[in-house]
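In what follows, structures are represented as structure tokens.
Heads up, the next two complexes both have chain A, just with different partners, chain B and then chain C.
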Partner chain A sequence: MSDDGTPVLSLEDVEVHFEDKPGLLEFGDETEVVRAVDGVSIDVMENDVVTLVGESGCGKTTLGKTAIGLQRPTGGSVKYRGHDIWDIRDGNSDADITWRDVRTSLQIIHQDPGSSLNPNRRIQTILAEPLKQVRPDLGRTEKRERILSLLERVGMNPAPDFADRYPHQLSGGEQQRVALSRALLMNPDVILADEAISAVDVSLRVEMMDLMLELQAEFDTSFIFISHDLSNARYFTAHADGQIGVMYLGELAEIGPAEEIVNSPKHPYTNVLRWATPDLSLQQTGEIPMRKIDVPDPVDPPSGCRFHTRCPEAREACQTEHPPTYSDDRHHVACFRENEDHDYWESPKLTD
Partner chain B sequence: MAIEEVDAGSELDERSIVDPAIEIRNAKVTYDEGESYVLDDVSIDLDRNEVLGVVGESGSGKSMFASSLLDSVPDPGVLTGRITYHPRDGEPIEVLDLSKEELRELRWEEISMVFQGAMSSFNPVLKVRTHFEETLEAHDANVAEGMDFARELLSDLYLDPDRVLDAYPHELSGGMTQRALIALSMVLNPEVLVMDEPTAALDLLMQRSILQLLEDLQAKYDISLVFITHDLPLIAALADRMAIMYAFRFVEVAPTQDLVANAAHPYTRMLLNSTPNLDAPLAEMKPIEGQSPAPINLPSGCAFHPRCPLAEEQCMQSEPDYHDVSDRQGARCFRWEAAQAQILLNYEDMLEDRGTSGGDADE
Partner chain C sequence: MNYYLRRFLRVIVTIWAVATFTFALIRLLPGGPLVQLRAQLIRSGASPERVETLIQSYTKIQPDAPIYVQYFDYITSLVQGDLGESISTGRSVGEVVGGALPWTLWIAIATTILVFALAIVWGAIMAYFEGSNFDLASSSASILAASMPFYVLAMLLIIIVGYEFGWFPTRFRIDPNLEAPVFSVAFVGSALYHSVLPIASMVLTGAGLQVLAMRGNSISVLGKDFVTVARLRGLSDRRISITYVARNAILPMYTSMLLSVGWYLGGTVIVEEIFTYRGIGYYMYEGLESRDYPLMMGIFLILTSTLVIGVFVADLTYGLVDPRIQTGDQSESF
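Then we have the complex of A and B:
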């Protein structure tokens, strides 16, 4: 990564397992464990963009929420500027950072802006709320001024007009701008944008991403950007010189600089995501490069490499052994194919 | 394939499709006693066994177009015009003249529809099997034979028929529910399938997988498909022909290859440039400035002129009719030649490598 200081956020070997206890009417007392995130390590630097891509249910949202302290990991650690945030929370830390500081510094924008804004409040009131928290010293007029200038900055003109509206009087894109403004008012270090542009029309996504990129530079924030669309991930991440992490069933399959992930993917799963990305200049896409369409159940993930049940390149070795991470500068891949001497190459192909 | 349009006297009118499955003429949906319209004088043919991609932004009238095909425009909207369904054998049917009962029979048996959000199309307290059985019974079909066909369809969609039929909707993933819904919509073996954003709520990999499966299904069961979406690149891989909607009417209709390589309407070209993709240089992906118009107070002349970099006097004053770009491509734009010359597509370099410009786009 470009910065050489301490990462703003540092995730080490993070593991999030959810216990699914049997219901009253179900028999047996087997507690099922959903392994949402397993052994993921990622650093987020100042002014950085880390994008997580993957299918529904791959754990990218859980990982994102864990990174910003909304979800407590069941294993590993999440550090904010070098301090474990859950130690801070529990009062076991000697850092002079409070839990409140942590929560203020780490913000989120949700996929559906409509449901994240209170329908009974005007935009002005919605935005004044966080301001009250961080700047209780500001007077009414000053608050209004800050809100108006921010609304102008996110392209909502005339700002006084928008400030007096209710959320339902805004388009989806405008609602998302309000959500973004609300996050920015907290002066955060990291914003988790969870599928923040997926609900807006394809034709408006570039505009929204451009805005987020401009604001990133202006407000000195980092983004954790979650998307299921590799072309959006590429656009957002490459502009900020960040990294794309490809998640599969709770694990990081591959992570590296945006253009490298897109142009020379090393993990067969990244290749599948590339196939899935609509591409105007190459219409003959051919068959699905995967043996099965549906993701296996995360309660009981496949042994060995978790992708082996669908992987077009899978061989018998993949069934038993969990692939380590092979690293090449900034590019990390968890696939045996990176090791020329691995037994993988000698073992028979899986067909089923 | 040919483009079909619109006002009497248009040259395009004469080149009708040889074997249309549905002919739509001057379809118009109005609200407020004609004060505002959400579908404005739309005429197009759906060719038998073709995949027609209808592309438009939110609020461009594309869902209204879908509802019109089944005469199911929500109240108090009023649909006028002529919609003619041509069964494979038998007399043409005027959809708008049908009685309620006839309409009920037409829907699902002849023209079937799949909506976005499969979860809300299924009853959460009934097993998937019950939905299939009740559909078959309601249309007086043989349930045993129908269920065999249902199993076949589910297998075609890479689903395990027994598992899916015995499940409640919430027990299936989003992608599985959506595929089960597609199977349900086809269980009466309809001639035409209308899909309104059928994959929008799913992740991209599932969307693409479903599109691939649809291509197989379409060929296997000889259906004509109308696929409505805001995602132009997504549908480009499946559609034979595309119709681009802007402000409640079609602004450009062309075979997909021609549209992608030689789009003629400035809106189409700008839309193509606005979509993020994997190959184009990053700096050349640009959003379209401004907003699409609301159904009231539509701009005069060409509805796109306030956002169009090429607009001149005549665009503000008169509404452009279709201009022939080729015998299969038409664009409602006075300045389509200027658009092709001046608005460059950001993936143009890659197109030349493939040599697809022009050429024969048919299978």
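Then we have the complex of A and C:
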């Protein structure tokens, strides 16, 4: 595959709103709209790593699912090699890419490995499925050999023994390796790792991340890595020279190279995340760099900058105006503090 | 000890316990069958010696023998398949049961199969259209069906489908005027025709709960990540619904299906009485009315044994059906 500068996957101004229709027995007929993702643009290059961090409910999983075509965006577009995947699906695209190609190119590893493997199939059968699809020309023994060598590669020895087991006979880490192998066997361009290491024992997380990084080079794939742990995100992203995207209430607050995000965060919210990650905070956990703990309701997000209700730096300008994205090479931030001439600096500080 | 052997011994012990229970029942109930029987025979004008002989042949009781000898004789004849003599029909219990059992088994097994076929298909469709009006209507109908006793539905069916419209016969196993050899087309046709209402009354009420169970199972499997992954690979919906969802959703119902055979066998007692369908349930009811204790005991033993064997089969085969369960101590399916 050539690295000609076109992103494998590019999200442009993606918007995902969920309508929450009232039930039969609920009064009123107002449809509530949950704005899970709002106006997010991200590019994923070949052999790239894009990590999404943020607190629960910030829309990182929804964004990830939208990126790999599991969730249809209500606005904006998701482009695979320059073509809108939903146009391809609906047959409105003149691209020479079929929906089937798109489907095999974008894969997923879930958080809960126990749920992601069919309990009634042996590991061998589970891994043979994607091979059957991608390489129908392979014979039985060839398939078996490829599966065994991959199992060995992901550190499951003796492979023949593991291949004949059922998922419940494996540990969580082993199950996750099988899920990773299954995704890789599809020969995908992008794998969404949705909290893929959160369920793995803490002592094995680094090992699992290393394995994913090694296999990334071998299988020539990109990762969208979702995590709520900034230190894991930093480890994984820094080793692949990728980007960390910080999400807050459905919006991308800041995105940039791992070390920059961690060491010199520009958005106050990133600073909060950094404070909340014990491994990263240099000093003893001091004063919380946030005015309020509670997350606002995504059904009715705050006006202006969505973080202004909690932001320690918030001024009155933040209440009314939505901050644009300020870019500096690879580092993009949605905060007025990046613009030295902005009215922000003139307006009074918000106090509760 | 070997797991299968242990399970098998448990079956034997259970059946033996039931047999012992019936033995005790027939002797210990105050004003029980013996007194009743004696009074009945004396009223019919038999001489006292004749009464004693009759009682002995009916109940296998020799009043002068010590209780353990009686018990031994009773168990021995049971093991030999001798269930005693039916008082009301004048035939041996084994003969009555043998002639009636196939009919009842047909009702119970056909009911079970239909209930689960209906439940699996319907429940799966409901799960796929979760939250739709179809789902809502089906759920309501299922709850309604599940809360209606089958004998009430049986009555309704007799009144509406049987008498008002005259579509189906409301009694007997086959047309009493039919003179066709057993297993001829006419015979089987008539038998099927006559069993429609009894089976329908149990299927329509029994399926309700199972439909809801299947719906719940399917919804939970649909939410599993491996289904998402299969979908992500671009597999067809049909393939996913059959090989991924259905199989995993049906598994938990396997045990309840085998247990249901026993439950529906018990249900035939009332259904067969309502439809005058001469199966073992009908004879059980007749035995009850005419105080034909040997007949009742015999049928009671048969019904219990069937249920116990159903559980046994469920236990033995569950490990084959679901690979997660390995035969061992934790694999008891009830």
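Couple of notes before you dig in:
In this section, the second predicted complex is superposed on the first by the 344 of 352 C-alpha atoms of A that agree within 3 Å, B and C clash if a C-alpha of one lies under 4 Å from a C-alpha of the other, contacts with A are read in each partner's own complex, and residues count from 1 in each chain.
Rule of thumb we're sticking to: contacts are C-beta pairs under 8 Å (C-beta built on N, C-alpha and C of every residue); 3 or more make two chains touch, one makes a residue touch a chain.
What you see is a predicted model; the values in this text were computed from it and never measured.
Applying the stated clash criterion after superposition on chain A shows that chain B and chain C can sit side by side. When the two complexes are laid over each other on chain A, the CA centres of chain B and chain C sit 70 degrees apart as seen from the CA centre of chain A, to the nearest 10.
When the two complexes are overlaid, the chain among chain B and chain C that reaches more residues of chain A is B.
Once the two complexes are laid over each other on the shared chain, residue contacts for A:299 go to neither chain B nor chain C.
With both structures placed on the common chain, the touch criterion links A:217 to neither chain B nor chain C. When the two structures are aligned on the shared chain, A:262 is found in touch with chain B, with no touch to chain C. In the superposition on chain A, contact of A:278 is made with chain B only, not with chain C. Superposition on the common chain places the nearest Cα atoms of chain B and chain C 14 Å from each other.
On the side of chain B, the complex with chain A involves touching residues 57-58, 158, 173-176, 202-209, 212, 230-234, 236-237, 256-257, 260, 271-272, 274-280, 282, 285-288, 291, 347, 350-351, 353-354. Of all the residues in chain A, the ones that touch chain B in their complex are 54-57, 171-172, 201-207, 209-210, 228-232, 234-235, 238-239, 262, 272-283, 285, 287-288, 290, 292-295. Here chain A touches chain C in the complex through residues 24, 68, 70, 99-100, 103-104, 106-108, 110, 112, 115-120, 122, 129-130, 133, 166, 168, 179, 182-183, 186, going by the rule given at the top.
Chain C meets chain A in the complex at residues 136, 224-226, 228-234, 244, 247-248, 251, 322-324.
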